[in-house]
Amino acid sequence: MAAITLTGLSKTYPNGHVAVRPLDLRIEDGEFLVMVGPSGCGKSTLLRLIAGLETPTGGRIVVGDVDVTAHPPQRRDLAMVFQSYALYPHMSVRENLAYGLKVRRTDAATIARQIGSVAEALDIEELLDRRPAQLSGGQRQRVALGRAIVRKANAFLLDEPLSNLDPSLRAQARAELRRLHRLLGTTVVYVTHDQEEAMTLSGRIAVMRDGALEQVAPPLEIYATPANTFVARFIGAPPMNLLPAAVAGIDAPAGAVAGIRPHDVRVGTEGARRATVDLVEPRGPDCVLHLHLDGSNTPLLAVVSSAAPPAIGAVVFVTLPPDRLHVFDQRDGSRLGAHT
Amino acid sequence: MNHRAAPVERAETRLAWLLVAPALAVILLVSLVPIVVTAWEALHLHDLRLPWLGRPFIGAGNFVEAASDPRFGAALFHTVAFALISVPLELMLGLALAVMMHSVVQGRAFIRVSALLPWAIPTVVAALLWRFMFESQTGILASSFQTFGLVGPAFDWFVDPIAAWVPIIAADVWKTTPFVAILLLAGLQTIDPALGDAARIDGASPATGFLTITLPLLTPALVVAGAFRMLDALRLFDLAYVMTGGGPGTATEPLSLYAFIALMQRLRFGYGSALSVIVFLLTFAFALVWVRALGRSLSGARS
Amino acid sequence: MTARPAAIVLAVAGALLLAALLFPIYWMVVASLMPESRLFESRSLLPTAVTFEHYRALFDERDFLVPIRNSLIVSGLTTIVAVPVAALCAYSLARLRMRGKSLLLAFVLAVSMFPQISIVPPLYLILRELRLLNTYPGLVLPYLTFSMPLAIWLLTGFFRQLPRDLEEAAMLDGATRMRTLRDVVLPLAAPGVASTAILTFLYCWNEFLFALSFTLGPDRYTVPVAIMLFRGRYQVPWGEVLAATVLATIPVALLVLACQRRIVAGLTVGATKG
């Protein structure tokens, strides 16, 4: 197990497209870091740079205490789980698991032993002699994990490994991943576009946009104190409401933007402002109300309990508790602090 | 470029060139050297039957001679006319065949084999076969044409300078239509069937749907198939040589055959090489024009 | 849904086309079995008399086995040489980073566009110098002029179609590029390699001009040349010519029957990628 340190790492393609701007990031030994962001933000490119599947245009990659920037993927001792699992279709599951060890000239007895223990841990023992085409999606995913684990590599790189699974299987797979991580204590770099997955899995989240790191912090910190409006709206569903500070009724630098999460908006028969209900989205345990504030037509999302939700067109009263407001700079969206 | 990562890229490039080297060496040796020699010969007077003349450099002399050589003009005309007649025919029939193959569910294998056989047969065989069928008044096709009154009673296809082209074109179309069909079929199979469904829901008849949706989307495949066929048609040799020998007289003599005769029979290596170079320039020029048209049509099809 | 007019027209047109494609072959076989006297008299489409005299003459009087053997050897040798060399080059073009890749491909394509006739004289002189005229290597070398570009073109297309992440997984597992080629790429590309080999073999089998130019005697003629030279001085012995064409077609037909999927895959590998 090893820590991964990226220093000034950047990647610009020959056609001029900047995929990753120079960034610094340190992933601690044994940490589970999730890189999340919208499509095209550079998170997959960053993962591939760490793996060695792309060469950087600038910067350094250090795994453990070895500078691997000039090393091809073969020599970095990293394991990767691809979105498509990339299982060798012409080899059995056992041969798939053994491949990385065979290439390293591990002796047959050690290979057998390691495959055995990994197969047991992942519950894929009956599948060892089957071909990937004969496996279900969930089974393939476990074999892909097994292939990474059996090599006892420095770190694991996972590229959206759950996105090809049926949604019903995903929660279970997430729990499995967390259990395995606790068990193995490996360094994990995980890429996803699903912010909920990022929140539930990670030790730390790295939010990316347009090739740059917007914020790197534990999930609850990102939720509670987002560094800018982008992070504020990307993490947390439904997304944070953003409105002019004046409309929110707080004292702030001219033109600042106030933010409040829909869960924090108080809706009731009495409150500071009148608002009209435009749409009600029932979600089961709660409802998302699409409101607009009377007078300024500012849209607002609020979450209320499903017991007796208001009807469309109804007039309600909302309160935006000042201690739940976030304040952002109007020009670059950066956080100006919480209003107290 | 990141100087730290450079060794990885350099190693990969080194391996890339290493793997390419054997193939490149073979091609350079076996293709490029002869091509260069031919081009060089084209600039010289070199008649093997007149060895005492040596091999003087005459620059564009051979090409000038070709320009005023009536036989060359005729051969050029034959070649281009042949290409312009047979290729559109092959594209149309190939399209029809492809559409049919696409809509059939049963017996696909049988159809594929039937389509592939003419293409896979040696050109020599096809030439002799079609010659046999048009032979004098008694070949099966020759006599059928007579029976249906399309030609006179003593008509010999291979004696008439224009009629002699009919078996040649027929053989070429017969042999290459399946090839075109297969290329177009692949193109048809990449078209989203939902588009056809949408057209039908919108009320389009099958013919309209085909003309306004399928055909435009098939344009890239048509262009590719047409390009390949044109390139081959301009280099016509085997069929003409075997079926008619260029006859009657030189009425069915394409450029490649004239070059062959100049080289191998009249042993005029300089002149024959120049003729070959002209054939190459013709195909090359055509390829360039076609690629330009291809680029434009593809960007049009994408929007 | 009941057949609509368009579907019926299509079916009829299709049937006619198929008949047109198959009839000449049918006729070739039928005619080769007709006695010489009946060849140009028979009006019926079905065989009225069957005889094997032409086939017997082929082997007794003309020793047709020799050209068949020559064709097999030359086509086989060319395929065996061209495909592996082209595979290495194709993998490099499909997957590895190098400058001038498109230039290289364009060069290979341009070289293959050169009319065959134009390289006959220099090749003739070169082969004569090397004492390779009328030998097997003397045909294999010229055959490489078209089989190499063909094989490179096809194999590059097939390699490109393979999913990249399988090779990436192998590299992360520690395999070098060459090892990846051997363990992962080639097994998966085997159908494509087969297609390439079949198409290369077919093109060599059918080749005429080079065989005509670089062989000097019946002991090295290939099948197309041998058939062509059956021409007598006064009359074409159609019976035997047809029998020979049938024999020349049989291996091709068998190949097509056995491998039609592979052949179609080869022909369309470039087309679908555009």
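Observations, loosely collected:
Note that the chains are named A, B and C in the order they appear, and that numbering of residues resets to 1 at the start of each chain.
Rule of thumb we're sticking to: a residue touches a chain if its C-beta (ideal position, glycine included) is under 8 Å from a C-beta of that chain, and two chains touch if they have at least 3 such contacts.
All figures in this text were calculated on a predicted structure; none of them were measured in a lab.
Because contacts link each chain to all the remaining chains, their graph is best described as complete. In terms of C-beta pairs in contact, the better-connected of the chain pairs A-C and A-B is A-C.
Taking each chain's centre as the average of its CA atoms, chain B and chain C sit 16 Å apart. One inter-chain figure worth recording: chain A and chain C are separated by 54 Å, centre to centre, where each centre is the mean of the chain's CA atoms.
The geometric centre of chain A is 56 Å away from that of chain B, both derived from CA atoms. Annotation for chain C: no residues touch 2 or more other chains. Residue positions of chain B touching 2 or more other chains, listed in rising order: 9, 12. Shown for chain A are the residues in touch with two or more other chains, namely 52, 72. Those residues of chain C that touch chain B in the complex are listed here as 4, 6-7, 10-11, 13-14, 17-18, 20-22, 24-25, 27-28, 31, 40-41, 43, 85-86, 88-89, 91-93, 96-99, 104, 108, 110-123, 125-126, 141-142, 144-145, 148-149, 152, 177-178, 202, 205-206, 208-209, 213, 223-225, 227-228, 238, 241-242, 245, 248-249, 252-253, 255-257, 260-261, 263-264, 267-268, 270-272, 274. Partner chain C is touched in their complex by these residues of chain B: 9, 12-13, 15-17, 19-20, 22-24, 26-27, 30-35, 37-38, 41, 93, 96-97, 99-101, 103-104, 109, 111-118, 120-125, 128-130, 132-133, 135-136, 138-140, 143, 174, 177-179, 182-183, 185-187, 189-190, 205-207, 220-221, 224-225, 231, 235, 237-238, 241-242, 256, 259-260, 263-264, 269, 272-273, 276-277, 279-280, 283-284, 287, 298. Against chain A, in their complex, chain B makes its touches with residues 1-2, 4-9, 11-12. Within the complex formed with chain A, the chain C residues making contact are 163, 165-166, 168-176, 179, 183-184, 187-188.
Across the complex, chain A meets chain C through its residues 51-53, 72-74, 76, 78-80, 82-84, 86, 88-90, 99-100, 103-104, 147, 151.
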